[in-house]
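Two complexes, one shared chain (chain A), two partners (chain B, chain C).
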Partner chain A sequence: MTAPARRRRGRAIGLLALRRLGFAVPVLLLVSFALFALAKASPFDPIERYFGVRIIGASPERIARIRENWGVDRPVVEQYLAWLRHAVAGDFGDSLSLRQPVSEVIGDRMGWTVLLVSAGFALALLLGLLLGTVAAWFAGGWLDRAITATSYTLEAAPVFWLGLAALYVFALQLRWLPGGGLTDAGEALGVGQVATHIVLPMSVLAISQAPWFVLFVRQNLLESFSQDHVVGARSRGLSDRRVVLGHALRTSLLPFLTLVGARLPELITGALLVETVFSWPGIARATVDAALNVDFALMGALTVLATAVVLLGNLIADVLYALADPRVGLDG
Partner chain B sequence: MRVRHGPKIVLAAVGLLVVGCTSPDGGGGSARTGESIVIGAGSEPENLNPILGYAPDGAAKVFDGLVARDAKLQLVPALAEQVPTASADGLVWTAKLREGTRFSDGTTLSAQDVVFTFKSVLDPGTNSTIASRLDALADVTAPDDRTVEFRLRHPYAPFAQQLALGVVPRKAFDGVDVNSAPFNSAPIGTGPYTVAEWRKGDRMVLKANESYWGGAPAVKTVTVVFVADDNARATRMAAGEFDGTVLPPKLANAYRDRDGYRLVRNPSADYRGLGLPSELPLTSDPRVRLAINLGVDRQAMIDTVLAGAGKPAATPISPHLADWYEQGAVFRHDPAEAARLLDEAGWRAGADGKRSRDGQAARLPVLYPAPDVLRKELALATASDIARLGIDAPVEATTFEVMLQRQREAASVWGGGDPYDPDTAAYTLLHSRYAGQSGYVNMSLYRNPTVDAALDTGRRSLDTATRKQAYADFQRAYTADPGWVFLVFLDHTYVLRDRWTGQEQQVEPHDHGLVHAVWWNLERWTPKP
Partner chain C sequence: MGDQRTWRPVPRSRIAAASTRLPPRWRLIPSAVVLGVVVLAVLVVPLVVDLDQQLVDLASANRPPDAAHPFGTDELGRDVLLRCVYALRVSLTVGLVAALVSSAVGTAVGALAGSVGGWVDRLLMRLVDAVASVPHLLLGIVIVAILRPSLTAVIISIGLTHWLTSARIVRSEVLSLRSRPFVDAAIVGGSSRGRILVRHLLPNVTPQVLLSTTLMIPHAVWHETALSFLGLGLPPHEASVGNMINDAQRSLLTGGWWMSLAPGLALIVVTLAISGLSGVWRDRLNPRRRSELTW
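Entry: the complex of A and B
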């Protein structure tokens, strides 16, 4: 590419990012409003959740009083606009279910989830590339069949079940690894402690996500083996190693980026279950609590956050796509 | 990732393996001395603020009330010098504070702190879940720094029971909204422990308050680890990570004869029962409601569903409340008598065994809240017993809200109960003035004038003998005309490493997280030598 062409390309990518960011605003508004409407239609009553077992016998006047304090009986549009006014100013209000400012709830927990999810995701990608390539390389052999069969089995295995099984084997029977939390009881928070405690949850998350990547890489590699540039490389007498890693794998990595974006929501669901089994103090469990408690403030903030992450993930995938392959258009 | 951390992980794993071999604790060195304890808890408190509803019945660890309870549930003085008593008309209760009590931040406790605590609960702007308990309270004042006066709207005999609520320092709330104050997760109290760390969603560490007015606790560090899932908690208990935890009876029974462990089964006033809709034509007839009570095999439910951990229930008054329980007020299991009563009420069995009256089939839907496994099993067992009487009893999973909405035509499995006073257990549940009110009061729309009169007498009289008689009358009147099928009082089961002395059995309320439960008097435990 010539220098001016590269500059034009750079500007186009910048425009794409701007356009997407502009587009993100209505999406965020729509998603957050839809959330409020859905929560309104939820069969759960936030007051009943708030009281828990103490709802039995609580006097109707007191309950009505708190309803009024919270304004949960006002029209949904009014509640949404009130929330939005504060949110735009950067104040997401107080979480009703946790009796704490939302910013504190998220601040306390977000870091742990990001750590768990990124470690698990990196491991899943690594496993996917490695095992997928090996399986395609020895396609039809016993190694390929073992990898493929295991992948299908793991795809079907519930994360929750995997987590309990890992807990049983590694924490109870073998006693190699701690069974949950961030640190041992009575230990201070430290790198060493967290490093040993993250192994099980991270591995379970990775193993539950890896099969999709393994099978995808394998399939794409097999397809690309029959494509012109690979056949050409082979016929030029290049080594298997050069052909697979240098030619076939590189081209099949592009669609891989899309899959990475698409798996993101699934990864968050997985993280939720993993956090529950291993008592990982992350945001995922707070999310479920917020939903069950119809905690508008917390749910709104988390939804906006999650939507922003997905939008950003897609944008990054598209930009990477564009950078990796100059033929990719930048129109939408 | 894997490659970079590989050696470290292997090292750590080997290290843990070595620890695992040398000491079965796994939980760090100091755990072996008994000076620290690690508790696996099934639920995490939302906050630690007594005003909002944390530990209203005492045993709060971080806080003290004016009064506390001993193992027999008798009120004993705590922050007050004596258990407060009422004026002759029952309208003014006076408490005199113990001298020189300090909060953990060093400030001295004053009567103003008590006034602030109770006024904040009553404040309409506070989202307190326990305000209803203080409905009788009109005003709180502090004539001097050591005296508190509670003025009631009407005589209310069990008022002193509500004074176990933890007292907070009013200074901590200067210019802050109680509903979201930093205090809610970093509290200051007068209690035997202080909160050293609370990592939300993971654990809470309590440290002994060395200058506690009741003497410094011998167990110096309490680590409470929050693990919601029963199976995960059982696994981590088995791995030696916890010194004690709460488990469902079936999982706890694995520790029955294990060396070094104790299986603790505590009785409770925590009932599960089926509210019978008194406005449904079928169950509007007292004979039918009595028949259902006789047709249900409570002991079989305890043996199978609860693995033996429970007691049959007839009324909301637990048999563990020896002072109040009326021996004669029970239901035997007698399906033959039940069938006779149903026949007498006009609900006769057809050729297929199904009962009907005037062409209308006998049908009673049974609802339970979907996420609750125990209630589901009880609902299924009860419905099959009811079906055996010839009444069609379809079971439906739903939510509390729907259970309430359908209170006129469906029976629902409810739960609750506390062992402190019959009034709190029965009044809002069965008094007819709450029938038809919105909210979770008198959900079965039960109306019985004799029951109303007995409950009113029991609430207003300050004379113990009169109260006892009133609650005996109440239980007899209720069992002659039952509005519910109270099924069982649950036993709460715990597994505990056998390393401490000082545990005392206390009848537990519905609530039994960190607060009540086997560790209710943790501050008085001592490590075994």
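Entry: the complex of A and C
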């Protein structure tokens, strides 16, 4: 590519990113407003939840004052705009179930979830590439059949069931690894403690996500074996290894990039369940608590946050795809 | 097969094995048999054995698998296999109804977008993209939280989160059908928009919709199971697969591994059977396109 062409391409990719960001804003507004409206339409009165049983003894003046302070009687749109003003400034209100500002709840837990998700994702990608390539290399052989069959079976298994099985075997029976939490009881938080505690949740998350990647890599690799550039490489007398790893795998990885982005919602869902099984102190527990206690402030913030993460992931995947493959069109 | 350029880094003898797919009956027969047995069990067993009669039998509680109880008994002495049949009955019913609901929603949206076109199409497809950006389970949790956990809440939650695929399929099918001569003929013949949609377009997308509904059932069952496992699904006394695994979680700590074994295995087997069957069906319907998501 010539220098001006490359510059043009760079600008087009920048425009794509901007367009995607432009799409993200209305989506986030829509999602947050829908959640807000649902919360308001639901029969739960936040004031009653705040008081709990004590509402019987509370004076009507006090209830009226809190009602006034919270502004729950104003129109929904007005309340939403007020919420939005605060949310943009980073203030998502107070969580009713944990009695703590929402931003604090998320701030405390976010890091652990990000750690778990990224470690699990990296491991899943590694497994997917490795096993997918092996399966395609030995296509039709027993190793391929074993890998493919295992992938289909694991794909059908619920992730929390896999988590329980791993918990039982490795933590309760073999006692190789700790079964839950972040540290052993009474131990200080340290790198060593976290490193041993993350092994099981991370592996379970990876194993539940990997089958899809394995099957995808295998399929794409098999299809690329009959493409011209691979046949060409083969006919030039390159070794099998060079042809598969250097030529076939590299081109079949391109669509992989966008699909990695598309896989983020599944990953978040899986992390939610894995965290629950292994009592990992991430946002999953907070989500479930929030749902059980109808804690809209926390639930809304978490959902909007997860949506933002997914949109950002898709954006990054698309930009990477466009950067990696000059043939990709940039109009969509 | 016929493609001369096909080359694989494997001995020639294996190329034939890999490139000629297994004949359909290799997937069809086992899947159909498994699914048949499960459906029969789910329908017939509750007629023959009454769960209430052996609701609690503390004398035989917490037994590991033996001849009388192939998957053991739970902490109240109930047979795990029998409970599992009841659980599958609940889970499959929820999955079936929820898949139908989500397909109906998806078909309505997709048909509207595809047949009206223009800004309605763009708006609806943006809506699909927007909903697709919210993680399914999280959205499902919010919906269940607002409606309070119950059977209806779970079905609504699945229906509102899983309609995207069928909406996309129906839209693209309708778009491609719209330009076919028989639709032109209908327009020339004076049919109204609604009549063309109902009489000409929808009947032609029905096979695709049914297929995607079938493929949706395992997803719906999985969603219900996950919600129940988190304590946000069906009420705890209702035996569903998720509730059973959730209950078994406590026994696991005291060594009762068998209580979670049967529900998990049952779920895997049923999922594989359904996706195997729909894989054969999809190959018949659409021989050129194969996805890696079903076998």
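We adopt the following convention: the second predicted complex is superposed on the first by the 287 of 332 C-alpha atoms of A that agree within 3 Å, B and C clash if a C-alpha of one lies under 4 Å from a C-alpha of the other, contacts with A are read in each partner's own complex, and residues count from 1 in each chain.
As a convention for this text, contacts are C-beta pairs under 8 Å (C-beta built on N, C-alpha and C of every residue); 3 or more make two chains touch, one makes a residue touch a chain.
Remember, predicted model here, so these are calculated numbers, not experimental data.
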item: Contacts of A:269 with chain B and chain C, given as first, second, both or neither; value: second
item: Touching partner for A:164 - first (chain B), second (chain C), both, neither; value: both
item: Touched partner set for A:139, first chain B, second chain C, both or neither; value: second
item: First, second, both or neither for A:285, with chain B first and chain C second; value: first
item: Partner chain in contact with A:6 - chain B first, chain C second, else both or neither; value: neither
item: Partner chain in contact with A:97 - chain B first, chain C second, else both or neither; value: first
item: Chain B versus chain C as contact partner of A:222, first or second or both or neither; value: second
item: Partner chain in contact with A:172 - chain B first, chain C second, else both or neither; value: both
item: Overlapping contact positions on chain A, where the chain C interface meets the chain B interface; value: 164, 167-168, 172, 276-277
item: Complex contacts: residues of chain A adjacent to chain C; value: 23, 26-27, 30-31, 35, 38-39, 42, 137-141, 144, 148, 152-153, 156-158, 160-161, 164-165, 167-168, 172, 212, 215-216, 218-219, 222, 225-226, 230-231, 234, 240, 243-244, 264-266, 268-269, 272-273, 276-277, 287-288, 290-292, 294, 299, 302-303, 306-307, 310-311, 314
item: Complex contacts: residues of chain B adjacent to chain A; value: 1-2, 5, 8-9, 12-13, 16-17, 20, 26-28, 30-31, 36, 38, 46-47, 49, 52-53, 124-125, 127, 129-132, 135, 179-180, 184-185, 199-203, 205, 221, 223, 225-229, 231-232, 235-236, 238-239, 241-242, 399-402, 414-416, 424, 427-429, 437-441, 510-511
item: Contacting residues of chain A [partner chain B, same complex]; value: 43-45, 48, 50-60, 62-66, 69-70, 94, 96-101, 105, 108-109, 119, 122-123, 126, 164, 167-168, 171-172, 174-182, 184-187, 189, 192, 195-196, 199, 275-282, 285-286
item: Chain C - residues contacting chain A, complex; value: 3, 5-10, 14-15, 17-19, 126, 129-130, 132-139, 141-147, 218, 222, 225-226, 229-232, 245, 248-249, 252-253, 255, 257, 260, 263-264, 267-268, 271-272, 275, 292-293, 295
